Amino acid sequence: MLDKNGIAQRIAKEVKDGYYVNLGIGIPTLVANFVRDDIEVEFQSENGILGMGPFPVEGEEDADLINAGKQTITALPGASFFDSATSFGMIRGKHVDLTILGAMEVAENGDIANWKIPGKMVKGMGGAMDLVASAENIIVAMMHTNKAGDSKLLKKCSLPLTGVGCVTKIVTNLAVIEVVEEGFKLLERAPGVSVEEIQKATEGKLIVEGDIPEMIL
Amino acid sequence: MLDKNGIAQRIAKEVKDGYYVNLGIGIPTLVANFVRDDIEVEFQSENGILGMGPFPVEGEEDADLINAGKQTITALPGASFFDSATSFGMIRGKHVDLTILGAMEVAENGDIANWKIPGKMVKGMGGAMDLVASAENIIVAMMHTNKAGDSKLLKKCSLPLTGVGCVTKIVTNLAVIEVVEEGFKLLERAPGVSVEEIQKATEGKLIVEGDIPEMIL
Amino acid sequence: MIKKTVNNVQEAIEGVQDGMTFMLGGFGLCGIPENAIAELVQQNIRDITCISNNAGVDDFGLGLLLQKKQIKKMISSYVGENAEFERQMLSEELEVELTPQGTLAAKCQAAQQGFPAIYTPAGYGTEVSMGKETREFEGKMYVLEEAYKADFAFVKAWKGDEAGNLIFKGTARNFNPCMCGAAKITVAEVEELVPAGELDPNQIHIPGIFVQRIFQGKNYEKRIEQRTVKAKN
Amino acid sequence: MIKKTVNNVQEAIEGVQDGMTFMLGGFGLCGIPENAIAELVQQNIRDITCISNNAGVDDFGLGLLLQKKQIKKMISSYVGENAEFERQMLSEELEVELTPQGTLAAKCQAAQQGFPAIYTPAGYGTEVSMGKETREFEGKMYVLEEAYKADFAFVKAWKGDEAGNLIFKGTARNFNPCMCGAAKITVAEVEELVPAGELDPNQIHIPGIFVQRIFQGKNYEKRIEQRTVKAKN
């Protein structure tokens, strides 16, 4: 079973040379720490920077330089700043190669719900709806089940949707899953996790073909 | 009767303090020479400059600094450069206060034709269709009649239209005319030109109310 | 050159009235029009509709207007980090319209550039598109979103000149450029106001034609919401 | 940082084929991708559809491609100043689609930014809107214009860096930024190519994400179409 850093580490392997990547808040943010340093990757933050770097050294924080999580950041050589319309132009225009974000629920048809729980305080969708509506490669980083132990990989989302039929891959504490036409296709098991455990934690249709390898981090 | 410079000089009086102005090719370009220098005006050229200045001094021409007529120009203090999409955003968004352009024909309902003569070589509409479709204040600068002596102020345009119901004012070698709901309202006569002469040169409905003053340049 | 300078924030916001709709630049607390907000609080302008990506924090940014219950309606993409906001929203004192962030930016820019509406894929199939016209282009579904209308846009830039030309800094740019010229009157406050001719015309982010009034702001706090740092090596 | 540099124009235009659609930046002869055009002539790429505001002059710019009859179709707003163009158009060797200039810019930018179509008032009620969908918004009529599709966009910038970031100069900017990222592959040629980090990230006109290949151009002629000067006082 993986912890949050493990999930991030596994997702980092999906980041390929030459990718522009948008990282959501939470586990996705951790992915940056695990990307191989022999490939060329640039991180986009939708508030208006391409070429986002690590947190600044203490004392060098700049109030005018933050990421979409409102954290102080740095800009790497080759970075650029732009306005919000241009930023979402990049996203809508499919120039960002990979979007990694968290979710409360994913359905077997690729629907995602990650912005609203009816009856609870709603904080808003931020840029998530734009990201999932346009990106061609969307990886969800999340725990396989919620705090109550219920599956987050469902036949149908019960929460209000963020986007329809858009998720391509899911990396959880238990498994790597590809969303295919027929449902959740199991690709890899987390270290020490059995197919049965994954099956039990998955409400939606899980497709298990042949031997499922344990993931290599 | 006015010559081209006279028409430009009369139109210059329509340019008010604080106006952003787009000048078309031909007579409109001459208007800049006659604008009072005690008012604040900025000229926009749709190829991407605001704050356009006069032609450069010989030897200081810059191939990267031209107007929409492809002439070398200068930039005044406070100028800015921008791309074509932004430029037409200014125009479409009604931020340009006054558009002055030439025409082959204007109809009594404000239609304008100035880009195409069927059967002849067509050069294209350039930015004219965008300008007339969006500007709220459009002054046409032209001769009252064509070379054959036919009126260019018509009941209905015979040539393919550039825009519909958009012209607000017309300044010709003979008169200043406002386009109102009922037709061409005669506002001023050119020096030495009688109402009868204007009437004779106007095919569309000319509205003459009261005494028509001779224009003051 | 057309001069856009006004002497102070009071002159800059002249004409604001109760019940108006305002656009306010900024992302979180980054690049917000601090001076204009403070003056709206000061003048106690009420029943405001705010188009702003966020709603500030409890004691800063739009939170200051919320504290005094001056805001009737918020149009935003993300409104967390604000307890008073939450209280007013749950008690239905405050009307809230949540819009995807890219749609928000596009609807402002559409107003700026005279596009009556845009088609965006964001929100299709979600409650955001409920009651809205949708349409297919080449096998993909889009939602028709109309341009915003606003009475004033309040933006904050880094540098500006007398002609109203603006230059933003870093990610403090965000929504500010999209809102310039998107309201009837655009008010820009800048950290540094310079005479016309001092800014390179090639480096202007927003040409002065999109700005009606510009003034030199004061006492910028530029608060940081999440101070994240790494240790020195 | 993702490197976009290629060694020369040959590498830059690799993959171009007969029958493709190209976007080409520039207004008149100002800011045109001289190197890319010369290489398209050299490689005799034929049956091209060109989306370009103008068509060059007889012996420069797109006129060079016209001379060799490489262009099948021109999509432009203004095509005067070119006798060979006129001859081919009148003899129907060349197909011509005339589009209002602002619509041309907007259709390129829509492709760049993932908008499937835009509504513009330009051309409503004229032959440009014939056969196109029109629609009323708040009492004004608009024409629906779909985003362009192109295989390559060839643009020319003043400065660029290895990451593909571009800065344009003066009115040589024009259509170039709108076309970046609006085609499957965007090729930028620059007068000065610098290492990443040398350009101020605040002053980038086009972020490198919109550019696939960048190279240092050569032998820029930068011809002036209308040399207009005033006498020295």
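A, B, C and D are the chain letters, set down in written order, and residue numbers restart from 1 in every chain.
Please note the rule applied: contacts are C-beta pairs under 8 Å (C-beta built on N, C-alpha and C of every residue); 3 or more make two chains touch, one makes a residue touch a chain.
Note that this is a predicted model, so its numbers are computed, not measured.
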item	value
Set of chains adjacent to chain C and to chain D	A, B
Most distant chain from chain D, judged by the mean position of its C-alpha atoms	A
Chain centre separation in whole Å, for chain D relative to chain B (CA means)	28
Averaged-CA centre spacing for the pair chain C and chain B, given as whole angstrom	36
Sequence positions of chain A contacting 2 or more other chains	49, 75, 81-82, 85, 88, 91-92, 134
Residue numbers of chain D (touch at least two other chains)	114-115, 120-121, 168-170, 202
Chain contact graph, described as a line, ring, star, complete graph or other shape	other
Pairs of chains satisfying the touch condition	A-C, A-D, B-C, B-D, C-D
Contacting residues of chain B [partner chain D, same complex]	45-49, 54-73, 75, 81-85, 87-88, 91-92, 111, 121-130, 133-134, 160-165
Parts of chain D lying in touch with chain B, wherever the complex brings them together	27-31, 53, 76-80, 86, 89-90, 96, 98, 100-106, 108-109, 120-128, 158, 168-178, 205, 222-232
Footprint of chain A on chain D - complex, ascending	1-3, 111-115, 161-163, 165, 181, 195-197, 201-202, 204, 207-210
Complex interface listing, chain B residues touching chain C	18-20, 40-42, 44, 49-51, 75-82, 85-86, 88-96, 134
Complex contact set, residues of chain D against chain C	114-121, 137-138, 140, 142, 146, 167-170, 202-203
